[in-house]
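Order of writing sets the labels: A, B and C. Residues in every chain begin at 1.
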Amino acid sequence: MSDSVLHVPREELIETVSGLRDDGYVSVLDVTAVDYLEHPGRTDLPPETTPERFELVVTLISHAAPGRVRLRVQVPADDPTVPTLFDLYPGTEALEREVADMFGIVFEGHPDPTRILMPPDWEGHPLRKDFAVGRIPVQFKATR
Amino acid sequence: MSAPDTTVETATDEAVRRREDSAVLRIGEDDGERLEAEAGTSDTSMVMNMGPQHPSTHGVLRLMLEMEGETVMRSKPVIGYLHTGMEKTAETLTYLQGPTNVTRMDYASPLFSELAFSMATEALLGLELPPRATWIRMLMCELNRISSHLLFQATNGMDIGAVSMMIYGWREREEALRLLETITGLRMNHNYIRPGGVAADLPDGWRDEVLTLIDTLPARLNEFDTLLTGQPIYRERLQGVGVINTAECLALGVTGPILRSTGYVWDLRRDMPYLAYDQVEFDVVVGTYGDCFDRYAIRLNEIRESIRILAQILDQMPSGDYRVQDKKVTPPPRARIDESMEALIHHFKIFTEGFKVPAGEVYAAVESPRGELGCYMVSDGSAVPYRMHIRGPSFVNLQTLPHLMQGGMVADAVAIISSVDPIMGEVDR
Amino acid sequence: MKLPLLGDPEAILDRGLEGVDHNFVTGKLEELVKWSRARSCWPATFGLACCAIEMMATGGAHYDLARYGMEVFRASPRQADLMIVAGRVSQKMAPILRRIYDQMMEPKWVISMGVCASSGGMFNNYAIVQGVDQIVPVDVYAPGCPPGPETLMHAILTLHEKITSGELTQRREETGAGANLSVSQQDGQTSTGVVIRT
């Protein structure tokens, strides 16, 4: 039961997704992203795809012929913008806001481009690999 | 069982309609408070904040409501008050420590997050589970589904004003929790389902205990029926309140009881079976009208279906090992550690360094009590996930709130939030 | 404060109020106030995460928090004496938590329920406040992840004891700080396994 994976250039995302929608993919289940800044080596990309720092991952589901398809879109670090899927699937609204909040990827045409999880005045995008975990050293008072 | 009906309006029409209707209040979080302070300057509508500390918002959900008198016009859920940074923390925990982290997301049904995480890890490792491990997982998940839906019955009753329902719901939930505690050692946040199988075999006497539970529960559920289902006040509060249709649900990516309440038959256990759900018989419960009452009835009857599944699991539970015997991921048995130095080192290394998982990316999904719970995982070949993302059903389902509430009264809003059954830990992660 | 015996205990058990020798109690007003404060300590609903579910379970039928005069969870902080911080406190929630604490009337107490509220727990990261005592003074810390109902009740009873003895209110007046008591975890001590009565 493995899902099919499609590598889609950013410019063709809308076209691909609307094609999939006509093919019976009724819902977008998930929109997320990965920051490949510290990944030691990516081998799972097809040769014609240039690896970029960010990858947007969109998962769609078809109910008629049960199955999922996963779209992987490369997003460069110096221009982290992607067209929004809101017009095709309104359910992506919150998911895209989360990606924008956590990774700083801008969704062009999104109706509500505000932070969703972090406070509005927060600086930085926590799930980027160059954002520190924020761990503070634990003190064991008993052993001192 | 019929094939799911997919002849629905296309999502585009839906998007257009949604924009025209504009049920969603698109203002910033800070504007909410400012507008609330200015309330009264406009004589048509006012903006009101509900939460994040409010008894009926299931934790820390905040809603900004634009109202005309008592009627809710537009609204916007504001979340993030429980954001825990779990996806970031997951990048520092090994694959064996991972379930401890994800189990704290959906704290009403923790075993499902553990299951999704473990299934994703096993898919990357290419592990085949022994049959007993699979069936133990099913047993635990169905028990957890029962306790989660019982929690819903308790809180839903309480939100609507049937406060005694809280006492009843909790009475039954304690029975289920006690059984979970006997098996996993904890009432919540079990960390029982782990990559490679489960943490421990079922204890002696588990069969009798499960039997007692499934003998006791049906009569208690009939009590719920007496108390709530036929009761005119309860029906009045729920029927026709918070109506949504199939097309809207699909466009919004909604899954679980909310989608099924519209009469659409979709349940991952039946339609994309995982574990051994293709070997047990059960019915997918659906509603007709897509209102709050249907969602209540679906959850009540799903408890009955889970009891049916549990009875079949009792009959079919295979013997054998409760975890995969693969030196790479399985610690040595306890007895071996006492006599063998190598076993001790092996045990130590597995729990401190963890095991390496081949590079790749995978998405695994299970049907949690709230809908499709997915785990997207990227491995770079080391012992910790490079990226771990949980697709929480509550997070996506929360987007229905503005649509369900539009045109309703404030009092209905409380019933609607309750019927969506969001668990904020999973929404904010 | 130890209340004076109202009469022969067996007579009270047998005949109820009729068995009481006299129908008034003498005591110092101060002691009576402390006694009644401890016995009608209304908690504010401040459920945040997993611990909130256990907090609600404590109020449920089986553990029955009503025994201690505490079943009324007040939604309005102005009517509550006790804030049970049940769960992890995020950076976004922290100012709201403080605002609700400030809205509560004196004397007020805080129980930090669970490791996340007490120290950040396993979530040592950017999002979680590493200990709610950075925001509000804490009187009792209840350990556990989540603490079971038994542990929560133990923490509550410890607090009651301190309120009755007057220790807690005095200390707060002097320094404004919480009592910083830690209790031990009490759950998982049933040896009976599953008990279901039909």
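As a convention for this text, a residue touches a chain if its C-beta (ideal position, glycine included) is under 8 Å from a C-beta of that chain, and two chains touch if they have at least 3 such contacts.
From a predicted model like this one, the values you see are computed outputs, not experimental measurements.
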### Summary
Top of the farthest list for chain A, CA-centroid basis, is C
### Task
Work out per-chain C-alpha centres and flag the one nearest the whole-protein C-alpha centre.
B
### Message
Measuring centre to centre with CA averages, how many angstrom lie between chain A and chain B?
### Response
22
### Summary
Separation of the C-alpha centres, chain A versus chain C, in whole Å, is 43
### Message
I'd like to verify one number: the distance from the centre of chain B to the centre of chain C, where each centre is the average of its C-alpha atoms, in whole angstrom.
### Response
30
#### Entry: Overlap residues in chain C, where contacts from two or more other chains coincide
92, 124-127
#### Entry: Shared interface positions of chain B, touching two or more other chains
80, 83, 85, 88-89, 428
### Message
Going by the contact rule already set, what residues in chain A reach two or more other chains?
### Response
118-119, 126, 131, 133-135
### Summary
Residue set of chain A touching chain B in the complex reads 1-3, 21, 24, 26-30, 32, 34-35, 39-40, 43-44, 57, 59, 61, 63-64, 66-68, 70, 86-95, 98, 102, 111-112, 114-120, 126-127, 131, 133-135
### Residues of chain C touching chain B in the complex
45-50, 52-54, 56-57, 60-62, 73, 75, 77, 87-88, 90, 92-93, 96, 100, 122-128, 145-146, 148, 187-188, 193-196, 198
#### Entry: For the chain A and chain C complex, residues of the former touching the latter
118-119, 122, 126, 131-136, 138
### Message
Going by the contact rule set out above, which residues of chain B touch chain C in the complex?
### Response
52-55, 59-60, 80-86, 88-89, 100-101, 104, 107-108, 151, 154-155, 166-168, 170-171, 173-175, 177-179, 181-182, 185-189, 205, 209, 212-213, 215-216, 424-425, 428
### Message
Could you list, by residue number, the parts of chain B that touch chain A in their complex?
### Response
3-4, 6, 8, 10-12, 14-15, 18-19, 24, 26, 28-30, 79-80, 83, 85, 87-89, 91-92, 123, 250-255, 266, 271-272, 274, 359-361, 363, 365, 372, 374, 376, 378, 380-381, 386-387, 389, 391, 395-396, 398-399, 428-429
